[in-house]
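Each of the next two complexes has subunit A plus one other chain: subunit B in the first, subunit C in the second.
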Partner chain A sequence: MNEPFVEVNDLTIGYRNRQGQIVNVLRGVSLVMPRGGALGLVGESGSGKSTLGMALLGHLRAGSQVQAGTVRFEGVDPFALNPAELQALRGGRIALIPQNAAESLTPTMRVGDQIVEVLQFNRILVGAEARDLALELLGQVRLPQPEAMFTRYPHELSGGQQQRVAVAKALAGEPELLVLDEPTTGLDVTTQAHLLDLLAEIVAQMGTAMLYISHDLGVIARVSDRVAVMYAGEIVEVAAVTDIFARPTHPYTRGLLASIPRLTQAGIPKAMPGQPPTPGEHGTGCSFTPRCTFADGTCETVAPTLDAAAQPGQLVRCHHWQTVAKIEFSQELQQAFHKAVRKVEPEPAVELAGVEIAYTRQGLIQRLRGLPEPPATVSDITLTVHKGETLALVGESGSGKTTIVRTIAGLMLPRMGSLKFKDYDLNVGVDRRPLELRQQIQLIFQNPDASLNPRHTVAEILDQPLRLYFNLSRSERRERSIELLERVRLGPHYRLRYPGQLSGGEKQRVAIARAFAAEPQLVLCDEVTSALDVSVQAAVLDLLAELQAEHGVTYIFIAHDLALVHAFADRVAVLYQGRLCEVGSTDEIYTPPHHPYTETLLAAAPRPVPGLRPHLLGSDVPELAPPPRGCPFQRRCPRRIGSICDEEAPPWRVPVEGHRIRCHIPLDELETAQVSAAEHVIPLEPLSNSVSSN
Partner chain B sequence: MLKLTVRRLFYSLITLLIIAVVVFVAVELLPGDTATAYLGREATPQRLASLRAELGLDRPAIERFARWFAGALRGDFGMSLARDKPVVDLIGVRLRNSLILGLSAALIGIPLALGLGIIAGLTRDRAPDLWISTAALIAMTLPEFVTATFLILVFSISLQLFPAVTVVPANAPILDLLPNLVLPIVTLTLIMVAHILRMVRTSVIDVMTSDYVQMAILSGVPYRRVVLRHALPNALLPAISITALTIGWLLGGLVIIEVVFNFPGLGTLLLDAIHTRDIPLVQGIALATAGVYVVVNLGADVLTLMLNPRLRTLRTA
Partner chain C sequence: MAVVAPASDKPAPIRRRSRLSETWLYLRQSKSGMLGLTILVFHILIALSSPLIVPFDPTDIDASLKNQSPSGEHLFGTDQFGRDVFTRVLLGGRIALVITLTATVIAVTWGGTLGILLGFLGGRIDEAVMRVVDALLAAPYILFLLLIVSSLGSSNRVLIFTLGFFYGIAVVRVARAATLDFVARDFITAARARGERRMTIVLRELLPNVMDILLVEFAMRWSWMLLAFSSLSFLGFGVSPPTPDWGLMIAESRKALQFAPWTAIFPMIALGTLVIGINLAADAVAKALGLDRTQGAPV
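Right after this comes the complex of A and B.
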């Protein structure tokens, strides 16, 4: 019985495309996991990481087939099992925690019943015994009031609570292996940090092995002891987590690590050129060749094998790993960041004063009954954005970031306060704004799949703003659209393509080109990179920075990723429940004193540094409405000082001109407490002392 | 939940009121009135005038509507102009016949449609699905009078199993009506099953590929239970409203089928009433039909509310 716990051997999974050719999504993947191990599986979309995870459960996407190789779980091949045996394996010995808990819980079944069901089929527990254990599990994943949770339906829970239920469901069968497929993607940073903490604790307690699939290197660093990096259906590097992050030897791993923005480092990270191949479109040689700076003739024709590298247990699939390994990675990383060149001018571009926005209007009856008006969704926003500046709006979901941007764009009207853009009054809906104002303010949305009409070609998409705002002839518009495409680094042949034929990064480039076609002066960016792969994200940031330098546009930039904000913004406004907590330059925001909420967010952000445990402040219980009085953050604040926080609105404190913190705690006290907290809990990051070079 | 139901009920009553007005106006707009239709060629201005005075047709339209409406609130739908009988009496037995026909078709058709739809959905693109879907497509595309005529040709004329047209009077006991019912029911059922089945099939396919069904399978839940507990409750929700809509269509389809089979139901009566410009009768029938429609939709809404926890636990602020 000397079987390895999990052994994947030369596994190739593929499907037949319409032309009848076999397209391999996984190509010759080999992998060993010890009992109780935690393997992180990193890769960009389309790298085959989910396919591999599902293969351990004996599950293939419809139409896919195992073309070659084997999967063994304690000597058992899940693809050779009959349905009854497969049922016993799934949920009982291997459990899955899916990406989207909201959609993976059955909407018509109570949460408790769904857990009881797993107990019933995997542990043959029924009745009161099963119910008690289900309640215990709900408590174990730290859901408040398990009794009440038991009878709820999935839609009655918040995103974080749904994900906890999914964890409880997975743990119910007491599995030996957990497959986690991006379980925290889409959650707020604080919720994510709490969930990861919970998982780490439970796994340590129960000795469960984990296969953690994610594109987020910060999360991978936090949960794994070994990491496998996947590219185009192959494993390109496997190593201990510390080696992957400190001494990566594959050019792709290096590029990936260099392309992620870091909390401790201002400036835009280095973009990786090109994009990953679509399945089946890799050449005969190394699939990374077109994007690799080390590539030579051999790489194009001879596929490298996964060989032992310098560190013990490190495997790498590269012809030139020895050359790569000679370059000190920390040096390379320091040079990876560059600051965007900006000309911020003293004149204000956008001015918001005392802005209040509400989604609901009180009905006549409620007003007559003298009911107090519910607190507005967004309130008391006073902000100035200078010409040529990038202001980031930061906060968790429900913090009112998008609401403010929609109001500036004229898609909503404020209830109170004044909004100005240069000399224009923005207090009017977009339908009543003059044409030149509409031309000067443009929006770029989060998801280009939804914001580009799938039935229009790229040429038609770019034609719309050109026709609307400029009096150009047909051939002039054609010329201009080619220029615009070149500006976002797409060739003229893209004009005739449909959005469906483009990759995610290309689509977002088209969306950017459309916004800039109007020659705007203010561009509102709503999470523009969050739908993109990390390696593409940096390139899009570069593009936005370049366009800004060229045209002197002002950006208002919404993001939830604090590291990304550090990379790109000049100034940051931190919002909680539609109220400003802190406003300041990027450097001021990222060094103490912080508002306690900013501190909470910074502490929870996952970082691509193994061994760092984020310290959790306060709870992650989401709030549905702002409190009627006092500080908006009173209920979750880790530094609450007493009833004054509940009763009185905190004063603005100004450490330096331009930096404001809204808190009852005096600044020096905040700073002392925060500096010591940071020293106690976070080990000093090796990179934190390096200064970004221009 | 209760509040929602009461609100739906209130809307239903308003719907009925609007229908009454619309039907009245529509018949009023038709050229001619009961007097011209009744007297036909013997119409002289004098006879028309006296008949109109007798029937109350000389009063302004608003007044006639108000009077009728006041009566309707008390359950008195007035006298049929052409037949000299209370509208309620005329409708009563015909409504019974039509309801028997419609309900039988629904009772046979709905379970059949659900069953076949589920089978087709679960065996997507394999043999059972292909057979069921093709048959449904054919049943759907043929107009009901074609299907009806075809059935008459085969079962009444060639095989002589059932009568081709109904000859028993409208108020005959149900047992006597029974042999006359078979072919109309089959015709109705065929088309209804086809519509509902296709909807159920699509919905089952959707749900079976959903994340939560995949997740249930990957949690080691047996297939039967995945289908019964996770998939079907969600798949059948959209089927409820489509079923209600189909029943509404069935009421319209009834007119054609009743005419083809000469079945003494509400449909044939309606046609007669329109021919004779018998406004109170038309109104009575329209309201009865609308009433059935509204009740069925209300039932579907309540059923959906009961089965869908998302709606049930919705906070109605």
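Right after this comes the complex of A and C.
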């Protein structure tokens, strides 16, 4: 066959808005994929990457239409097929693995039956044969005990297991092309690492081509051999994965790569100015012009074309790519990181001692029957946060990070232990705390869509803390809210807008302004950047760092992204199943000796460096409850030494003052083993040698 | 420190527009809403002006003119007592409108506030109150209505408070269910963490979010109540004859349906259009108040 495997030619997809104008979500996208290739599709939200992925399956969002161009899958146009032919194509020759497996699996059907259904549908395998193959597939995606898994319902599985079932289901039709739409977003890092590893192996084995859609450059680096970068509905750069990461030639690709925090680098990465345009908003010229440092008059008026660049197979859509390419990227990257200036004072701000928090309380009957108390969700937390410091709480979902923060905020009560903020006792609920204490502790949430009332204007949102804590007149509140908006770099004209009219980054700025309206001493940040686009994330971190320097506030910062923590925190506390594993300064945490759990997390974190294969440690099976005795990490630990781990709680070991690791293994042994493991598996990034970590 | 450019380069012009006019702007785009509103306004205008414009005395009995079909003089004909139906239809909505509107406002206010509060508080209070609500909902309320009206008399005040109470019970359920959608959201957690008072959270944070649902509920309750009020009159407990009232008119003339249908049909049309008008208008207002207002931005 002479036809290319997948060919998209000048594809434009748009919808008609309320005013009757056509808004194009995809604009003249062309790409070619060879059989068995792995193309990574990167872009921020709204860049059209999912629309492109769905177009390969012959699917358009309701109201959208192909305005121009063609899609060919082995010479077949999926948009020209009749429903029966389309059914045979989807799930058969092309399969989709969606982002949220929990939603894509039928909740009322056993997972085995769902796979059997696909098999019967595509290849008329019936009865026992189909069942056997389904079991084989469940085994192939490395689900433990396929027989038992077969009869489970989706809700009985963990998020990672559900995603594996979705993979098995997609593979059941023996597809030639897999379209993966952010399949690991929302999973824990260790689960993600295992799943990516599995995908890479299966794809290599079966020769399946992959279109991998993601916003996470670390994931893209791990799975793809070619990468296409999308911006405002256009492909702005296509190149081999090594070229994209080492020699990007489009200013947007460069900005994007410079804006992601890196595990090997302390300091906040460089923020990209501005924000991506909304569909239909771009002018006649290059859509990146407003955010581009290389832009000139030509860029504003003449749209660049996708031209061949320096590297073989590299295409770039920029008038000035030659100028851009002359600047060595590794040099640029080195200057991208900057340390936040802050002054940490020796006096403690928050002190937690032996804190234990439980969601369920034992009923009277259970107590009378003398049943043992179930292990608490969070237990034995002893931590001190100094004034002006940023402490990061790190751990996977279910590690109790949010529980601790909510207890500090007074939304939950601890079962045991003492919590103190300056001279205030925090063992009381928020209702009983004095007004000045409530004013001094403020929360910022992960998702600004949920934390801002959609029916309040920005002015009303900022008014609430001002009205509650300070006795201000109407005009004083107005003045103060304008001041606050300007402080978070939003103009006063934002006062009359509703959250629905703001972008994600702007919403989070409003949420930050609301927290700082109270003039707090302690700000609890719950994953504040994880709902934001990468290019906006760094700007929000900068803002938080500036505000901290100005007001001397203390941050307790929850994050699951270890690179982000390295960028922003002074000290880190690693939690597993509600128990502390390791506490130390950022430098101490990121260099051996680590707690085996910290080591696992560091190894699993995706990094924007192609060619790195993570060394996977332990299993990724999540635990629902902490073990009653011994080390909390005993069941998944890659460095388990024996029954002592199951029986005895490990001691705190202190390598240096302020750094504690809770493990049975002596420190020197831990360090030797970890240093050699790191040397074996992870090649050092060129950057880490040339730049000191400070 | 890195220099971060302002998040937006071109500031949008400040447009001072109150919420009311903004809602109106959206309302005007809805054709069915404007139709409903026109019908509603028409009915209200008639109710306000009818005493001044009616051609005859509504209680004027003339045996010689009974059961006459519609004519130039008597537009809607006359009834079994020879009274002018046109006059009585114009006047027949006045009492019903005033009583049901006031009672609906009472019903939605107490039902809505209690529902939101219960949804927000949760726990045992919620559980206990909701069981009482369920019990009251299970009983046929028209029996309660008749019981109360027959023991306390059918004065306007008694009617308003009885109807207001019984129709609020269903609103409690609806408001509570709508609130449960929002109580788990972070903006409520944020308000709790700030230490806002419970009533502030209910009225400032939750109420605006369930307002559209309450408005639809308002329309539903109002139109049902109009019908219930007519049923009461029909059964002889509402307005006492000879005062003109649609329900009473329909009741009185049901025997005449075969030979003088106009005596029943015209009050039916009047009642029917009012109910339809209320529903169309309220649906459109709820939509205009809804999230559409954020200029089609994804929410």
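Going forward, the second predicted complex is superposed on the first by the 691 of 694 C-alpha atoms of A that agree within 3 Å, B and C clash if a C-alpha of one lies under 4 Å from a C-alpha of the other, contacts with A are read in each partner's own complex, and residues count from 1 in each chain.
As a working rule, a contact is a pair of C-beta atoms (placed from the backbone, for glycine too) under 8 Å apart; a residue touches a chain by one contact, two chains touch by 3 or more.
From a predicted model like this one, the values you see are computed outputs, not experimental measurements.
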**OP:** In the overlay, answer first, second, both or neither for which of subunit B and subunit C A:445 touches.
**Re:** second
Original post:
Counting only touches as set out at the top, which of subunit B and subunit C does A:153 meet: first, second, both, neither?
Top reply: first
Original post:
Looking at the overlay, does A:268 come into contact with subunit B only (first), subunit C only (second), both, or neither?
Top reply: second
**OP:** Figure out whether A:430 sits in contact with subunit B (first) or subunit C (second), or with both, or with neither.
**Re:** second
Original post:
Looking at the overlay, does A:88 come into contact with subunit B only (first), subunit C only (second), both, or neither?
Top reply: first
Original post:
For A:587, is the partner it touches subunit B (first), subunit C (second), both, or none of the two (neither)?
Top reply: neither
Original post:
Between subunit B (first) and subunit C (second), which does A:328 come into contact with in this model arrangement: first, second, both, or neither?
Top reply: neither
Original post:
Of the two partner chains, subunit B (first) and subunit C (second), which one does A:373 touch, if any: first, second, both, or neither?
Top reply: neither
**OP:** Tell me which of subunit B and subunit C touches more residues of subunit A.
**Re:** C
Original post:
Following superposition on chain A, which residues of subunit A contact subunit B and also contact subunit C?
Top reply: none
Subject >> subunit A residues within the subunit B interface of the complex >> reply: 54, 57, 59, 62, 83, 86-92, 95-96, 98, 100, 103-109, 117-118, 121-122, 153, 155-156, 169-170, 173
Original post:
Touching subunit A in the complex: which residues of subunit B?
Top reply: 209-223, 225, 229-230, 233-234, 307-310, 313
Original post:
Quick one: in the complex, what on subunit A touches subunit C?
Top reply: 17-18, 268, 270-271, 273-275, 290, 338, 341, 409-411, 430-431, 433, 435, 438, 441-443, 445-447, 449-456, 464-465, 468, 489-493, 496, 498-501, 503, 505-506, 509, 514, 518, 538-539, 542-543, 545-546
Original post:
Which of the residues in subunit C come into contact with subunit A in the complex?
Top reply: 1-2, 4-9, 11-16, 185-187, 189-196, 204-205, 208-209, 211, 291, 293-299
